[in-house]
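In order of appearance the chains are A, B, C and D, and numbering begins at 1 in each one.
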Amino acid sequence: MHVIADFTVVPVGVGVSLSPYIAELERVLQASGLTFETHANGTNLEGDWEAVFGTIRACHERLHAMGVPRIHTDVKFGTRSDREQRMGDKLRSLREKLG
Amino acid sequence: MHVIADFTVVPVGVGVSLSPYIAELERVLQASGLTFETHANGTNLEGDWEAVFGTIRACHERLHAMGVPRIHTDVKFGTRSDREQRMGDKLRSLREKLG
Amino acid sequence: MHVIADFTVVPVGVGVSLSPYIAELERVLQASGLTFETHANGTNLEGDWEAVFGTIRACHERLHAMGVPRIHTDVKFGTRSDREQRMGDKLRSLREKLG
Amino acid sequence: MHVIADFTVVPVGVGVSLSPYIAELERVLQASGLTFETHANGTNLEGDWEAVFGTIRACHERLHAMGVPRIHTDVKFGTRSDREQRMGDKLRSLREKLG
């Protein structure tokens, strides 16, 4: 099952500056081999279900290993059974509608 | 890794009445054996990582099998490495603070 | 416009124990006069758009006033134009489907 | 209070193709005058609290006016009292950490 997801990881209990942790997550994402794109509030990610959620799990494991005691994460994602769709298709379809 | 989660599944492309689908998800949750509680906007769920996300995957599979062509889901969840915590502990801790 | 919402507030930069802050939010919610119910991962809340989002804003203002430097919040919510629906209706409808 | 947000609007009860509705939301966003950027799973948006949530409300009003009977929306957002931060700052900070 193909998943198109967006997720945000919030490290709790490590002070107010989160970018060192977010940078480390970029390395986990690069190592995943999945298509991803980080934006101002999270990261878009797509792939097979197990790969996507396995990567999000790897993000939690890496941060806990760095000493983050508590992590809050939001994921929003979609699956479709009517047709194959990729992240690029969604943006292309939107741009066509906007002319 | 223990996960305390809340998730909401939104079936898309099947009309405006969603409760038949949400009722079916209750059956998936009951079959999971996990601790869960459905509220007005979603379901709280806790357990080991694989069991929690495997159950959410089973929800998607069940709805697609029922003919839902497109599903949007939000999950928010927490993990901790500093101590064990269960859903009931979170509410108890809150009630103690409120006196 | 009537809104049925669920939201979770995550105080960042104040250590790992969040329940003193969540308890304070309960007081903000009680003062709002809105129908709400706190569960293990957040709070259900319903009312007119301005009242709901004004209350969520009051939560942020209260926490910043307590010294929380950074706050991450998730809100998921629904509006309908086809009919009036209250939080209790959603759960009743689900229970009827489940028999 | 400055807000950096990401939101996803899911029209329910209008079939499986959502891009005509998402395209209309782009027009609402363009008319708002706020800084925004649409990605594969939602839109980043920033500005003063009232402007951001007023724009999200305008999105709901526009879709209901187009005949969408039911709308599910997720918003995740942050506010800070320790310093001013813009969406561009978050990405710049991340890129510096990544070297």
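Note that in this section contacts are C-beta pairs under 8 Å (C-beta built on N, C-alpha and C of every residue); 3 or more make two chains touch, one makes a residue touch a chain.
As the structure is a prediction and not an experimental result, all values here were calculated from the model.
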(request) Name whichever of C-D, A-D or A-C reuses the B-D interface, so over half of the contact pairs are the same residue numbers. (result) A-C
(request) Would you identify the chain whose Cα-based centre sits farthest away from the centre of chain A? (result) C
(message) Of the chain pairs A-B and B-C, which one is connected by the greater count of C-beta contacts?
(response) B-C
(request) Give a one-word verdict, same or different, on whether chain A and chain D use largely identical residue numbers at their interface, taking over half shared as same. (result) same
(message) Centroid from C-alpha atoms only, then distance chain A to chain B, rounded to Å. What do you get?
(response) 19
(message) Just the number, please: Cα centre separation of chain B and chain C in whole Å.
(response) 18
(request) Going through chain D residue by residue, note those that touch at least 2 other chains and give them in order. (result) 8, 13, 16, 69-70, 72, 74, 76-78, 82
(message) Which category does the touching pattern between chains fall into here: line, ring, star, complete, or other?
(response) complete
(message) Considering only the defined contacts, which chain C positions touch chain B in the complex?
(response) 4-6, 8, 16, 19-20, 22-23, 26, 37-42, 44, 46, 74, 76-78, 82, 87-88, 90-91, 93-94, 96-98
(message) Looking at the complex, which residues from chain A come into contact with chain B?
(response) 1, 13, 49, 53, 57, 60-61, 64, 68-82
(message) With touch defined as at the start, can you tell me which chain B residues reach chain D in the complex?
(response) 8, 10, 12-13, 15-16, 18, 69-70, 72, 74
